[in-house]
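There are structures below to look over.
Two complexes are shown next, each including subunit A; its partner changes from subunit B in the first to subunit C in the second.
The block that comes next holds the complex of A and B.
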């Protein structure tokens, strides 16, 4: 079960069909018992799906509908409040904080996606070559993805938080001044993004490794016989062959970055002076610190909308690049 | 599919391939030198990347500033167990996580079977629905759920937390199970149907029995999601003795900003289970599933 889960999932979503490509289906194989089996099968399917449907309605369906109610009311966590129409959306869209958070989310996402992709791709290519103990390195390099964010953010805090922390001390010793990694707005944003890349590159590395493993090595032999350079082989053969998987990993990482909460919140809490406040952090603060449910949920809704639009654009790209 | 971590292509593009097509011969002196150069490079990268994790481990087992001990010590670990609610938090985290794993698999396996075998419009519609729900930000549903659960006494409650975790794992978990069931040929089931077995019977006796890798991948995914979650926990948990480990670590950290030995001891306790799971079951570790798992967390 590797990236294939997601890849086949996306492929299915694009085609709009249920999974089940490889197998046939029961009701086609029963021959003389066809109709009897079919009715019985449908009944069984119904019962097998029931708990899943109930949970989906309770945990996903209901909240989504209720969030729609909250976004159009001026209530708080205790009362629904009065219906205010699109006022919350208007307020949110008219506030500077929202646009600042949008800008940060955008930069955070772009750096998160491409930063982790470049690092992951580089390492995947390196690990694809013969290296002593290569398998061990591959496992060790996955640790940033496995270790809980709560733990790694604590370690990062210890490393960079105060002027006396090890990393600023190292910079001082090298005569580079004393950077305030979490206190300076620009540096704090950069630190949060570096942390995100550190957490996410193993995912990209795994996705890319899986894609590279399916590339037939004989194509390189043919290419080098034709006089293609290493770089040409990489850009003309490797990249196009893993393009589909690459796009899928970009889409997923975009979703992870936009929806990310702990990476930012645990390192900086959204500060200093809101420099690292993403849309999720802003929505969280609005609801649970300012007790303004309506605007908070409105932000979450706008985010959902953006995510859908971005995914649609990227889906189209996948379809275009499909090398099936 | 589960071979992500085992894939060691025999020769890569960076390996010299002669025009005669005999890669082995090139691996002479220059090839060997390249190998060790790359080894040094990856060793350096890995060392830098793992600094935060090594720091955590080292600090957890180094005596704190007020301690009289020297060298390696378990002092910090025993300190957090005796002076904080670490044992309770650990127990809470384990309870919630194991419950999430068991229930997620129990819900996702039958649903995944229907997604894998069924071909009706309703089934494909449901499958799309799961996919859409999966990519929505969790913050959207957390607020309404908070209000719903407050009315039911499920806020600050481990059962409430488990229900939300099961809800957030079920979409990806169902897809993962369905993808695995796809790889089990229907012909295996046909044989049992001819023997008079029902569809449900063939699902449990034939399909499920042959799906251990799929179940394990799904279980690992659910485990990591529930174990690592912070957003749901910070919203739903209020009292110290109901905290799961992420909340415990954070609250201790915020109250004792300078007690790094204590924080790191808690951090080590928290990262141990995922690392054990990863170390023992890494061939079932799934990129896609785990990818989905951390969306929005």
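The block that comes next holds the complex of A and C.
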């Protein structure tokens, strides 16, 4: 580096001008240029944003608006039909089938979210310890999540559907009778929920494993020195430190459960006698089996609204846990 | 030189924006573009007739049907073949018709033509019927096959195969149980009890995900007793005495364990396995059951129709049909194609590709069809007493689709199969559910 360059650099530094800047120009001109650049940048951002907005409107907005139109009309999949206002919503909210489906969806979601979280958390904690062939176990435990739902539902059907299936046969061999897992309404609901937990726990395990990996081991060492028990370490250190990740996984799993169509439909079709009919299955049946597009879409709208509210509540919990 | 990079930046930014706008416009243009269902192509004056077909049998069926379709060259037109899966087929057809990209001619659900006719999408087939009269095929139709398609405005579709429900039995299980094949409801109950003693099922059915055999069994037993869901005017009439009697009998079968207690959740695969594994002794199913379940034992036989307590004998049939749509490059070409296709379908039975029954007498007399005694028995004994879902009326309507695949019937069937209701309560709930979705 030459001495001229060094001196020039020092001079620029004294004047507060960055390398490459003109430095010698009046301050006013610099501001104008900056302002001009800023306006140009804003225009660029505007056009870039507009493109994205157009794409979003086309991809999300149009179907949403069209669904809104269908929900307020008495048409079918081809014709819009006559405007009926909120009649479809009123009819849906006044039907016993809707509230029965809501009740099942609620229980299915609670069991699905917390059941899969508990199993996932337990396995994530187990896999954190040094067990032989831990990596292999991790891969195997991901299988329920990786296998296509059509395949796994067929496998579950084979396991439980008939009195001669392996699981009822096992129960019979143990002297526990022959439970009809898919034919009895209560057992069918329990089976569908167990299936959901089985399909979903690997996702929870992955999320929790990632969160646990970020917890510093020295925290536990310090807690041990202070005399904290294993349970105290788990409840006072582990759970609070992975709370953010836990809330996110709860939000996602809530959305997955409420919108879950294949798990239920492929295993039970919503039966027997509507015992496993969730809101999304009910919406499907309304539109494609009863050919009542308006009420079906109205159910979908109500589901979306509920999901937004639940997501906002859980998101606030995330922010709260971040602040804490 | 300094200007160059600046220019380049400006160009790049504008270029990017332009490219983005173009990309954004593509789906818009695609959405607005619409398109024709059956675009003229190949330089033919009548255009290309798009024919959509369903997987009615093993894949070999679709290969053969495609060959027939591609052999069409009448009326300066040609035809193309498209296989449509049953999953969400109504949505597939509706979306395509709404966007004017649907077929010109198609097979499809048994009541699909009536649904689309109600929505003004169907082209009437009167000229095809006239052509069939001229070429002699009209007189070849089995009795009563064509009538359900005749409306005040014209023929809504043309039937091409009959999906009939008949009673099947496994002879070896009846021999083992030492009981005769049922001829009426009373003997059905007795045979069911005897079959149960040897661990077999006396009334095999199922109402699990995607299985409609249970629904059909419910309606069949009502119709078999002289009842039905509709009255002669096509109005809902579920709470009639004959229906109550039929449902009480079905509940008796359930309470005696003659209907499998797990049947309510049986999918088609579960039910097929029951037949194949020699667990099912007697039950209602489709024509061609051995082919459907892959049974080559020669031990499965079609039973004779059973008589209800008042001596009635009847079953249900779904006359599957071919329909023409208004969105076509040429109505004349659609009609020429359908007339041609009806003249060629015998090939499908000749090659033994079809599970369902033909609509033409001449096909039922072909050695390839008549060599199976079960086929002969169905044509001779069951076809003459077969009624459509419209029974006790005769006119098929779009409401039949709501009955066939709708929630009301599924829920009713599952209620009966679980045996947790009495006949009148279940029928009342069925009627109420049906009334809430059926258009009067």
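By definition in this document, the second predicted complex is superposed on the first by the 263 of 324 C-alpha atoms of A that agree within 3 Å, B and C clash if a C-alpha of one lies under 4 Å from a C-alpha of the other, contacts with A are read in each partner's own complex, and residues count from 1 in each chain.
Heads up, the rule we're going with is that contacts are C-beta pairs under 8 Å (C-beta built on N, C-alpha and C of every residue); 3 or more make two chains touch, one makes a residue touch a chain.
Predicted model, so just to flag it, every value in this text is computed and none were measured.
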Handout entry: First, second, both or neither for A:288, with subunit B first and subunit C second
Key = both
Problem - subunit B versus subunit C as contact partner of A:185, first or second or both or neither - result: second
Practice task
Please determine whether it is subunit B or subunit C that touches the greater number of subunit A residues.
Solution key: B
Problem - Which of subunit B and subunit C A:163 touches, first, second, both or neither - result: second
Exercise for the section: Look at A:256 in the shared chain and tell me whether it touches subunit B only, subunit C only, both, or neither; answer first, second, both or neither. Expected result: first
Exercise for the section: Scan A:77 for contacts with subunit B and subunit C and give back first, second, both or neither. Expected result: both
Practice task
Could you look at A:271 and tell me whether it touches subunit B, subunit C, both or neither (first, second, both, neither)?
Solution key: second
Problem - Contacts of A:55 with subunit B and subunit C, given as first, second, both or neither - result: both
Practice task
Once the structures are superposed on A, label A:149 by its partner contacts, choosing first (subunit B), second (subunit C), both or neither.
Solution key: first
Practice task
Could you tell me which stretches of subunit A are touched by subunit B in one complex and by subunit C in the other?
Solution key: 44, 47-48, 51, 55, 58-59, 62, 77, 265-266, 288
Problem - subunit C - residues contacting subunit A, complex - result: 13, 17, 20-21, 23-24, 27-28, 31, 88, 90-91, 94-95, 97-98, 115-116, 119, 121, 207-210, 260-267, 269-270, 273-274, 279, 401-402, 405-408, 410-411, 414-415, 417-418, 420, 437
Completion exercise
Contacts from subunit A onto subunit C in the complex sit at residues 44, 47-48, 51, 54-55, 58-59, 62, 76-79, 97, 157, 161-164, 180, 182-183, 185, 188, 265-274, 285-286, 288-292
Handout entry: Complex contacts: residues of subunit A adjacent to subunit B
Key = 1-9, 12-13, 16-26, 29-30, 37, 40-42, 44-45, 47-49, 51-53, 55-56, 58-60, 62-64, 66-67, 70, 77, 123, 125-135, 137-152, 154-156, 158-159, 198, 203, 206-207, 209-210, 212-213, 217, 220-221, 224-225, 230, 233-234, 238, 252, 255-256, 258-262, 265-266, 280, 283-284, 287-288, 293, 296-297, 300-301, 303-304, 307, 311
